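Before I ask anything, here is the structure I am working with.
Letters A, B, C, D, E and F name the chains as they come in the text, with residue numbers starting at 1 for each one.
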Amino acid sequence: MFLVAAIALFVSMILVLVRLYAGPIVYDRVLAANIFGTFTVLFIAVLGFLTGRPDFLDIALLYALINFVGTIAVLKFFRYRALGDVPQIERVKK
Amino acid sequence: MQHHLILRVITKLLVGMIILFAFYVQFHGDFSPGGGFQAGVIMAVAFILYGLVFGLEKVQGVFPPWIVHKLVALGVLLYAGVGVLNMLLGYEFLHYGSLDPHHMSHGQHTGIIWIEAGVGITVTGVMIAIYYAFAGRPPRLGDDDW
Amino acid sequence: MIETIINVILFAMLVTTAFAIVRTTRLFAVVMLSGVFSLLTAMLFVTLDAVDVAFTEAAVGAGISTVLMLGTIALTTRSTKAPTRSSTMPLVLVVLTGAVLFYGTLDMPNFGDPNAPAQVHLAPHYLTDSIEEIDVPNVVTSILASYRGFDTLGEVAVVFTAGIGVLLILSGLRRRREEEEEDEA
Amino acid sequence: MTLLIEILSWACILGGSFFTVVSAVGILRFPDFWARLHAASVGDSGGMILLIAGMCLQSGLTLITVKLIAIGIFLFITGPTATHAVANAALVTGWRPTSGEGLEPEENAPYADADPSVHDE
Amino acid sequence: MTLEFFLGHVNYWLFIILMMTGFYIVVSRGNYVKKIVGLNIFQVAVFMLYISIGKVTGGTAPIFPTDSQGKIKVDPDIVYSNPLPHVLILTAIVVGIATTSLGLALIVRIREEYNSIEEDDILEIEAAMAHAENEEHGSAMGGRA
Amino acid sequence: MATATEVHHTALTLTDHLPILQILIPFCTAPLIVFFGSRSLAWPMAFISSLLSLIIATTLLVSVSDGSYISYHLGGWAPPVGIEYRVDAANAFVLFLIAATATVVMPFALKSVAHEIPKRNHTLFYACFMLCITGLMGVVITGDAFNVFVFLEISSLSTYVLVSQGSHRDKRALTAAYDYLIMGTIGATFFVIGIGFLYMTTGTLNMADMADRLQGQGDNRTVQAAFAFIVVGMGLKVAMYPLHLWLPAAYNYAPSAVTTFLAATATKAAIYVIIRFMFTVFQPDFVFDTHILIWIIGPLALLAMFAASLIAIFQTNFKRMLAYSSIAQIGYMMLGVAMFSTTGLTATMVHLFNHGITKAVLFMGVGALMLRAGTTFYDRIAGMGRVMPLTGAAIVIGGLSLIGVPGTAGFISKWVLVQAAFEQDLWWLALIIVASSLLAVIYVWRVVEALYLQEPHPDAIHKEAPMLMVAPMWVAAIACLYFGLDTRFILDAAATAAEGLMAGSAGMAEISTAAAAAATDH
């Protein structure tokens, strides 16, 4: 049963990876990377059941968390072009 | 990100959970994967997330850079201090068994908790300090780079 | 068998990602790809039983590294130039190194062999005696914190060095003017 | 009772697997970014919840279930938030849907002040 | 070369391919950020090599099961993978991130001083500086290196 | 030292702890400096701690001078389970060099750093400097292969930072630091690959245990590849001839105090690691069987001696010239290794030390000139020998020692090297060594000519360097002369070290059998 889930997740990951490589706009990549992260979390959880040691869910939990932070960092970067407090910078440009 | 209401609400909710998770990783490292380093990174990530959404000044208000610098040094000193304590007790450096000579593994437990705490403190401090250093720098982009 | 198949598929994805990184000229895409690379790496570590390592790789590779690289790109530039130099020399160097590595693998014990020297010399000690000596369920923690605790102290020192190094390299600028006045005074 | 749980968890996991694959196909095949957003949320929410539910049913009342539920709640909060943030960022930088019913022709093109840098390749 | 040998070593060869891809990025690409990414890939591939040294077929992660009081349950039937490489790689990962952060900090400063992070541009600027020095102080040998 | 069973009963005294204190004192100083964060406290703390480590290093050197070794079990775990510190004649010697250089450079650094680095960075700069010392000493003292890597990285990372601090004078320091970072990390990763391969074939990380288990595995291809990776990886750190590209820029643009310390110690520690791996871990038999020494390292060492010396002749900058001369001198050290005899190895050890003090004098001279003339181009330091008589004289002594004039330290090492060549009837090699010394005469002469025979440049400050700079310079210069005249101490220490190395590993002795017994018990 978990094997089915693992295979399904694998197939999904490969498909999403293609989108990640292809783009074409950055938000496509961000979206693909984000969903890839979710699949990774699920895959690790499934793998825990598959190998009979389901007590490694901490890793999955950590992934879910880090992935979110990563996505937010990317978006902050795109919105304001910096990680710090510099919303005025983009106004300066023009 | 002044107008991101959803992000701000969710972040407030999450930061607490992340810090809680960091403590879990720190103190549950004996039983499951994790330990001081990972906990330190997670703790730092909580502050980085806060900084990303609410701005650098806000997070530096919560966690001023000078405290971060002290913490960085404190963690290393805590770790080395445990070792020096072992030496003062007449054993080798980092021989935690000396902390409870009659029951070696208890001493080991105590030692591991303290040194993991040292690792966690330093890593938290360093990661936050690095984030401050990068985020606190005004970008100098030419127009053609965008 | 299942594990081997999972390994090979993960590897295929890793190698594709690495090739994509070689080819792309957009730094932003490079950062996203290296984030995904790190996710794949961590999955591989889980299948190879290294859960602690996977945990760390998750926190470091997908989290801190991505944030730092984005920060760097924000402060520098987003695109790269196509390489102008000929790629024969690097290729020769890489193939040569790879050949030496390949030569080295020929006498290695089989992957997963329970009788390999690495499995029979020190590992049994850690896996049996640590129960009595340290009494911590996670053997990785016992080795990390106690048996090889000094390495970990070194590791903390490395982190510490990186921290003060970044502060030293990136110090100033924000307060450059006032500090320069102070320096001249 | 056990049989019921078994059947339920099978159904959940198979359903979850189905949704993940469907969403991945959608992410790959849909024509533009906005359409792909929809596909992504299918995997992010539907697939994820069903898979986690299936695993919870399998593991029974243990610490594992608690952790699984924590992961579920976590992904349930962060997934849509991240998707929202992506969509918001794309919208703010000037990207608009290019195809779909009821769109005027001039709305199809990106706004004039769309940031060209966002176009990646 | 028997099939057993092939299956037992194919993993190592895959690591080598990955390792060399990273190494190739470092030596062939001129962009400084990309070099750092290449270095990361190179190092991560080495980490995988180490982790695969520790893997035992049929083994499981080296964490002992515990009973409800937190006491370790000893079960001689369970095979554990070798924990030592994991410890080494934990240290190495930390070293890797430390190197990365220093490298990136240097890149930020280089960009501020040279207004570029491309090796070609920077070599050009430095060649110009060396040329100016030669004009002023008499010509020297050895160039930038 | 007590064995594993006794440890739990007898309390250890201060003398038992010396090996770890050697590392711990500079190590703890760094976070303490950062913790107090006081600019005025940073330097005194750094100085006191380097002085203490010099005292410890001397004590250690004296106590192992009879050829014995001290083993310290970190964490109380008997090796190979735990990490071992093993001090013998060879590494006590290098430790002494590092501690002595650090102590001499520290007073010099006070003025030099104040001149070259903005004040706001001083506190962290000294912390970084202490970490660099810690890293180098840790690399040298440890008996554990992976521990070498960890401390190597501490020293490398702090070195990159220290080199980058030259950017306040010349922005090229940044690219120099970056290039060094890339090359150094590749080198360290190669080294890790090598250790991994060794771990795969031996199952241990302790060097002595590795040596025991590698015996008779000379035809194992994994071990051969490991050897290649370790030599190349460390070769990058050593700046062995074709791998030297990072060195000239890094030395040239780093702050003077940093260059002095690095030139005198960093490459030496790396050479020590190569020697240690070649002769202790792989054993002389293995290395000799693979012929790598004679056919690869030897010619490259000769090439380094000539090519780098030639480039040094055509430099216009004193500091850069010294950097190239360092590469050439590393050639001499590798040549000693490649000769593969006790005398050759003695020559390497002696040259390690003598070149360390010689380069310390010269680079401190560079720092003093930098302070007064602003740069070290020959046309700018012209005539400075006349207005700075003390600095000028020290530089001349250093230069003579670099050439190998009798009466200076440099002569001794070249003499031993020539002896080693004659021992193997390689008279042509002796001629080549003498010939390459002639090249040194030319590049040293160019400096002397600039310093004394030309009119001073009007922009320079015509004043002797401050006493705090001149005094350490002269301490090192007198050491150059003293070790050139009284050769007993240095030759004895080096010969003991070389004999120990040529004998191969001392092995794990009783400890490994005890551990094996413990392992089989369960």
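Everything that follows uses one rule, which is that contacts are C-beta pairs under 8 Å (C-beta built on N, C-alpha and C of every residue); 3 or more make two chains touch, one makes a residue touch a chain.
This is a predicted model, so every value here is computed, not measured.
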| item | value |
| --- | --- |
| Chains contacting each of subunit B and subunit F, listed by label | C, E |
| Subunit D to subunit E, fewest steps along touching chains | 2 |
| Pair of chains joined by more contacts [C-beta pairs], B-E or C-F | C-F |
| Of all other chains, the one whose Cα centre sits farthest from subunit F | D |
| Farthest chain relative to subunit E (centres taken as mean CA coordinates) | D |
| Chain centre separation in whole Å, for subunit C relative to subunit B (CA means) | 20 |
| Whole-Å separation of chain centres (CA-atom averages), subunit A against subunit D | 11 |
| Separation of subunit A from subunit B, taking each centre as the mean of its C-alpha atoms, in whole Å | 24 |
| Touching two or more other chains - residue numbers and ranges from subunit B | 7, 14, 31-34, 37-38, 42, 45, 48, 69, 72-73, 76, 80, 83, 93-94, 96, 130-131, 133-141, 146 |
| Overlap residues in subunit A, where contacts from two or more other chains coincide | 13, 23, 26, 29-30, 51, 55-56, 58-59, 61-62, 65-69, 72-73, 79, 81-83 |
| Multi-partner residues of subunit F (at least 2 other chains) | 27, 30-31, 34, 74-75, 146, 150, 153, 157, 160-161, 164, 193, 199-200, 205 |
| Contacting residues of subunit A [partner subunit C, same complex] | 3, 6, 10, 13-14, 17, 20-21, 23, 26, 29-30, 33, 36-37, 40, 43-44, 47, 50-51, 56, 58-59, 62-63, 66-67, 69-70, 73-74, 77, 81-83 |
| Complex interface listing, subunit C residues touching subunit F | 100-101, 103-109, 116-126, 128-129, 146-151, 154-155, 157-158, 160-162, 164-165, 167-169, 171-172, 175, 179-180, 182-183 |
| Of subunit B, residues touching subunit C in the complex | 29-35, 37-38, 41-42, 44-45, 48, 69, 72-73, 75-76, 79-80, 83, 93-94, 96, 104-105, 108-109, 111-112, 115-116, 118-119, 122-123, 125-127, 129-131, 133-141, 145-146 |
| Touching residues (chain side subunit F, partner subunit B) in the complex | 7-8, 11-12, 17, 20, 24, 27-28, 30-32, 34-35, 37, 72-76 |
| Footprint of subunit A on subunit D - complex, ascending | 9-10, 13-14, 16-18, 20-21, 23-25, 27-28, 33, 36-37, 40, 43-44, 47-48, 51-52, 54-55, 58-59, 63-64, 67-68, 70-71, 74-75, 78-79, 81-83, 85-86, 88-90, 92-93, 95, 118-121 |
